[in-house]
Each structure stands twice: as structure tokens, then as C-alpha cells.
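Report on the structure given below.
To keep things simple, chains are lettered A, B and C as they appear, and every chain counts its residues starting from 1.
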Amino acid sequence: MNAKRSDKIATGVLYAMSGIIVLILALLLFYILANGLPHISWHFLTAPAQSFEKGGGIGVQLFNSFYLLILSMVISTPISIWAGIYLSEYAKPNRLTNIIRTSIEILSSLPSVVVGLFGFLVFAVQAGFGFSILSGALALTVFNLPLLTRNVEDSLRSVAFTQREAGLALGLSRWETVIHVILPEALPGIITGMILSAGRVFGEAAALIYTAGQSAPTLDFTNWNPFYIASPLNPMRPAETLAVHIWKINSEGIIPDAAAVSAGASAVLIIAVLLFNILARLIGNKVYKRLTGV
Amino acid sequence: MQNYSFDDTYFLPLDPKKHEIAISTDDLNVYYGDNQAIFDASLQFERFKITALIGASGSGKSTYLRSLNRMNDNIASAKVTGKIMYRDLDINGSGIDTYEMRKHIGMVFQRPNPFSKSIYDNITFAPKRHGLKDKAKLDEMVETTLKEAALWDQVKDDLHQSALALSGGQQQRLCIARAIAMKPDILLLDEPASALDPISTSTVEETLIRLREHYTIIIVTHNMQQAARISDYTAFFHLGHVLEFNTTKEIFTTPKVKATDDYVSGHFG
Amino acid sequence: MAEDKIRASLLKESKASKREKHGKILSFAAIGLIVIVVVAIFIFVATRGIATFTVDKGSLWDFFTKSQWNPGATDKSGHPLIGALPMIVGSFAVTLLSAVVATPFAIAAAIYMVEISPRRGYKILQPVIELLVGIPSVVYGFVGLSLVVPFIRNHFGGTGFGILAGTMVLFVMILPTVTSMSVDALRSVPRYYREASLALGATRWQTTYKVVLRAAVPGIMTAVIFGMSRAFGEALAVQMVIGNAALLPQNLVSPASTLTSILTMGMGNSVMGSVSNNALWSLALLLLLMSLLFNILIHRISKKGALH
């Protein structure tokens, strides 16, 4: 076989294989949306789930997913920003820094089920939080911190060093300069990273089944006092999320319309993740434009 | 490049009775890792005068300047030994609050580095952080410093516009305004005009000459005409050694050291 | 005198210096917290996981070689039945097979994106890969359950649950990760490698195959191992399609199990501190150690790659 012909054949094969990947995604999206979208209605999005009958919704699960997401972001955002500042501003090239970086790398590659089990052991059992929003949010924080921290570090590093010198030369501390000058400039990158990781957290289930639990008690949406047991805001109640719900009805298979509910819920999940992706881009660009004023 | 003896030096003695010394260094050595960048530099800078530091690239003039307000502290591998005397204190010693010191020894950098904030906030940001809250005083500060930096007329209607929208020359003058808003004793300038066009350069030079009335200025420059135009004293750096310190007039007309002579007449560098 | 004031202020601790101290402490505390969490994960999982062998008298040999998993019961000599071989085999089988299937696709897509049509690659394949990354794993599990499993049942027999279904789901799940890391590996090959080869009259494929791919081998290996580490640790999607039978798989379409699937199924049904519970933690410990091993492998390879 001559070189020209093998070049042509190889190119053809590469085209075909790349095409297959595109087809797989198309098939996935088509399958989920075609099966799921017809099932999505206002009733489906707001009604509570049914255990043994048809026609249940995902209202509580949807609320739980958002509540958990917000709570875990509230906990992990400041920690990741402080930790990211340490890595980009204060970490000296020495052994301690090596240990820190290795730890973060290990944490980011841990299977999420291990993070979930750790959360179960420490937050649910040892700390006595039980299967609760709080345990779930803390587990998600553990799961989320390494990526967020690295994103903050990278975003801060992308701001020119001369900006730090400008602050220092005015008698400001490195800390003030970073908080008030560098951080605002790095914000577009940080926000983009946060929203993307929010999408990841929104779809996460393995870290939650033994921390936030697998049950969704009926909520009383008229009482928002966080100390009331059926209050949507009560952080100590168990809270099955949308992703956990999909897993659960498929593994236990008690409800008769499991396939339809799963398809609908999957479609909602995918649409949410898509929205997070689009939002990340839009907001990142917008913040960037506002900050630079150009 | 010809090899010059580091022993062939000349330092104009400044009589402390006639010349008030704002800042001086005594046997200053700077190391980056294993490399020594500055060798036993001893210089004195007279108050309310402009002193230019000249020399070829890599002669150490910028390194020396950055040591004066300890900006090298932020480079992990850098080490500075020797004395920097300011107000009867060795500010290179321990027990000196470097942040406080930098309020009095300000710096303007080679590339304009305004914050990505408004023109107004660029000037008021640091004073606010240091505790000045009075709006009227801040407004006044913005006006006077921008006037001193010859920028007021061009930006007085756009004070809340982003500083990044300004031209390079305007940005640099904003950085000068920002630095003098701290009311420093001493202003260090690291090739402040090297990234600017000729017109902006001459505006910056005029600004500096006006500022001499209130500030002690030390300026690193690559441009010998610039040194000749604006400075009172000049120090010549070569490969990390200070070879000559003299009045600018003497340096450019009758240099005492062969290396200086060759450099100012354009034989190398 | 004004001058004395400045001199005195230099010798006092300024506000900025206090803020710096507080900021440093805060940022160090945050990073310290992360490190402590990592250490805690290892300590907690390890103490529980080791208890099976120290407290409950389980045999490490049985754990790795026997295939009877019934930790609540004991064998004739009183040791708990903790033969984890079916899960170990299951985990390795789905991991290796999915990597074997995904690697050629990932490399092909990477070559397409870097060497053949960067513009179209950026416009079409890049978003496709980002979307694939974004799809939550339970959705992969659901599609696997309702599309892949019936397909296998109809075409290959059996129940449809098993290693093959797990492989197919994991293949799609790790594909985007392996692809985007392979893209980075190809991109980091200097341009002059290609120019030199093309200038010698080689075709694009010859250049890609003999020059670019070879130079990118360490990077691509890192990508594949990274993908394997993902596959090994993936829990729910696999659990939904593998059948969850703690039996040694007879073939690719018989119900099987992985470490993660038995772990997720079992943890809710056992009492903390019991033998069956501890045995599950031993599986978790094995999972943790494998994740560590993958990490070390990646480090080794990238270090070796950097030496070139």
C-alpha cells in the first residue's frame, strides 16, 4: 500500500470515529429529550413524588437539589477562595506546598462514592447530623473543594503580577491587594468555574445517597421557619435530590411509571446542566466586560 | 564590551551640612539565588533633587531601585544585605514595617499598571484603605494629584470611567498621581517613560521637574538625554557596580571614569 | 515634629501588616482544612476497612482470592466469608474494557481536532465533548438501563445486565475526559516536529502516526489512566446496569458486580460496626488505594515525559 492511499484511508477512519462520537451524543440527547420532554409539565415539576402509584412529580426533589446546591456553594465558596489565595499568593516552592498540592490532587480524583461514605461516617454518624441537607451539603463541599480551589488559583495567577506590585508600592498588604484588586479582576474566571462546578454538583448522586439520604418527606411550603420539621429550609431533614431520585426509582423499581419519571427527570437534569453551561459563559463574559469597563 | 576595572570609581562627596540627605545606602548587596546582582552599592540621594540611575541593560540599576522600598521582598529567591538609611533608620533591618515604609517611599513602574478600577478609585483606593474616609478630602486629593500629574484637564469629566480606557501616557501619569496621593517623601521611578511615545514622554518629564519642588525623586532611565534633561545627579551602574556618582552636568560633560565616558558617549550599551 | 512621626510609625506594626497577618492565617487555615479532610478520609476509611482483618479475623488471602461474598456468615474455621474476587474482577474488567474501547475513539477524535480540522473540531467536537462531560452519571445509568441493557439482551442473550453493559456505559462516560486530555497531549507536541516531517515528504498520516503520536505517548497514557481511574471509581451508572450479583462473571453478559456497586447497594443494609459493614469498608479502602495507585502512575508518567 502506498503512502498516499494509507493517508486517505486513515483520514477516512478518523472522520468516521469522530462522527461516531457526535452520533453517540446525538443519540443520548435525542433519547432523553424525546422520552423526557413529553412527560414534563407544571404538575410534574411541582408535585411530590409517588411511591407506589403513577403520576408522581419531582417537585420536592427539584427543590432539594437547588437547596443543597446553594448551601454547599455557600460553604465551599469562601473556603476555596481563601485556599486558592494561599496557593497563588503565599505558597513557597517547598515541601509543604508539595504536600498540599498532592493532597488536593488526590482529593479531586477520589471516587465520589468514597467521598459520600466518608460524609456518611463523619457528618451523618459521628457528628450526629443524620441523613440531612447539612450532611449532604458538607459532603458536596468535600467533593467540590479541590476543583474550585484550583480554579481560583488559576484565575488569580492569570492576573498580571504588576497589579500586585502596584498595590504593594502604595503601602497595602498583599492580602488587601489580592482581595480588593486581584480578586475582582479574576472574578470572571472564578465565576465561570463556580457555575460549571455547580452543574457538576447538581447532577451528583453517589456522594449524596448516604449523606442527604434517599427519602423526600413531604414539605410544607407555607412554613419557611428553618427550625420547623417540615419546613423546606430545615437543614436537618433528609433530602433526596433529583439525581438520587433517578437512581433510586431505577434500582428499586416500585413505581409503575419509573421509566417515564426517570426520563422526565433526566431531561430536567440535562437541561439544568446545559443552562449552567450557558450561564457560565454569559455571566463570565458580562462580569469581565463590566470590570474592565471596555 | 570592554572590560572595565570595578576599582576605577568616582563618588562626589555630598557635604551633609549643605545637602540634606533623604535616603542613602551603605554597601548594599543584592542576590538572586546564587547570582549576585548588586555589589556594595553606596549612594546618597539629596532631598528635593532628581537623581538618575543610568547604565546598560543588566547593569542592576532597576534591581537597586527596587531594593530601596524593598519590593524585592516579594521575590522568593532574592536576598538584600547592607544598610538603607532613611530618617536615621536602617529600613533594610528587622523591626521595620515595610507596608508603612512604602507609604513614604512610593514607586512608579516601567509599564503603567493602573488598577482596573475607575480613575477616581485608582487614586483614592489606597488612601481609603489606609483610613481616609472624608469624601471632600478625597475629592480634593483626586483633583490636586491629577493636576500635579498634568492629567486633570484631560480626565476631569470622566473621573468614573475605567482607567484602562486611558492611553499609555495618561495611564502612566495616573500612576504618578496615584503614587503622590500617598504624599510620599521619596518617589522611585523605574524607567517610567520607556513604554511611552515621545510626546507622552515629554509630558511625564515636565511633570517630574514640577514634582521636584516637593519630592525627592530617584529615576532609573535607559535614555541618556532624559537623564541629562531632568536630573540633578546621576549614578552610573555597570554590571552590578556603581562606578560613578556625580552631578548630571559633570557626568555628561567631564566624566571622571573611563566606563562612564564610553557609556555616555554611546560606545556601548 | 512631623518627621519624628514618620520615623516612629516605621517602627510600629501598621494596619496593613496586621491585615496581612490575619489574611495569611485565614488562607492557611482554609488550605489546612482541605489537607486535614484528605488525611481524615484515609484514616477513617482505613481504620474501618482494616477492622475486617484485625477485629473480625477475616483473611486477607480470602479477600483477594475467594469468590464467596457473605460477610455475615463464617466458614468452617470461623473466618467470615469475604471473598471479594468477583467484585475485584468485575471492577477491573469494566475498567480495562472501557479503556480499550474508549482509547482509539479518543485518539481519533484528538487527531481530528488537532491535526485534521482544528476549526471544525473546535466548533463541533469541542462542544460535544463538553456536553458529554456535563451529563450526570445517573443519566448515563438510566440510558444504559433502558437502552443498552435491552439491546444486549436482544442481540447477545442473557439478561442484558453484566460486564458488557457496564463497559458500554463507562466507555461513553470516560470518552470525553480521555479525549480532551489527549487533545492537550497532541497540542503540546512542538510545531516544528510536524514541519520537519512534512518537509521530508511524509504524508500527513505518516507525520501524525510516526512523529506526533509517538511524541505524545506519555500524555496519551496519562489520559487513558485518568480515564481508567474515573471508570474504576464510578458507582451509580455501573451499579444500574451490571446486575449486582456477587458472582464471578461467566461471560460478558452474565450479571456481575463491581466494588462500587456492592458498596452502594450494601451500605444501607448493614449495621455500623458489624462484620458485614466492616467488609464493605474494606471494599471502600481498596477503592481508595486504587485511586491512589492511579494517581501515582499518572505522576510517574508525567515525570518521565517531562525528562524528554
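The criterion applied here is as follows: a contact is a pair of C-beta atoms (placed from the backbone, for glycine too) under 8 Å apart; a residue touches a chain by one contact, two chains touch by 3 or more.
Keep in mind that what you see is a predicted model, and the values were worked out from it rather than measured.
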Chain nearest the overall C-alpha centroid of the shown protein atoms: A
Distance-maximising chain from chain B - centres being C-alpha averages: C
Between chain A and chain B, centroid-to-centroid distance (C-alpha), Å: 49
Whole-Å separation of chain centres (CA-atom averages), chain B against chain C: 54
Between chain C and chain A, distance of the C-alpha-averaged centres to the nearest whole Å: 17
Junction residues of chain A, two or more chains touched: 171-174, 176
Overlap residues in chain B, where contacts from two or more other chains coincide: 99-101, 129-130
Two or more partner chains touched - positions in chain C: 14, 16-17, 20
Sites on chain B touched by chain C in the complex: 87-89, 91, 95-101, 104, 129-131, 185
Contacting residues of chain A [partner chain C, same complex]: 3-4, 6-7, 10-11, 13-15, 17-18, 20-22, 24-25, 28-29, 31-32, 78-83, 85-87, 89-90, 99-100, 103-107, 109-115, 117-118, 120-122, 125, 142, 145-146, 149, 171-176, 178-179, 199-200, 202-206, 209-210, 214, 243-244, 246-247, 250-251, 259, 262-263, 266, 269-270, 273-274, 276-277
Residues of chain B that touch chain A when the two form their complex: 69, 71, 74, 76, 99-103, 106-109, 111, 113-118, 125-126, 129-130, 161-162, 164-165, 175, 178-179, 182
In the complex, chain C residues that touch chain B: 3, 6-7, 9-17, 20
Contacting residues of chain A [partner chain B, same complex]: 92-93, 160, 162-174, 176, 180-181, 184-185, 291-294
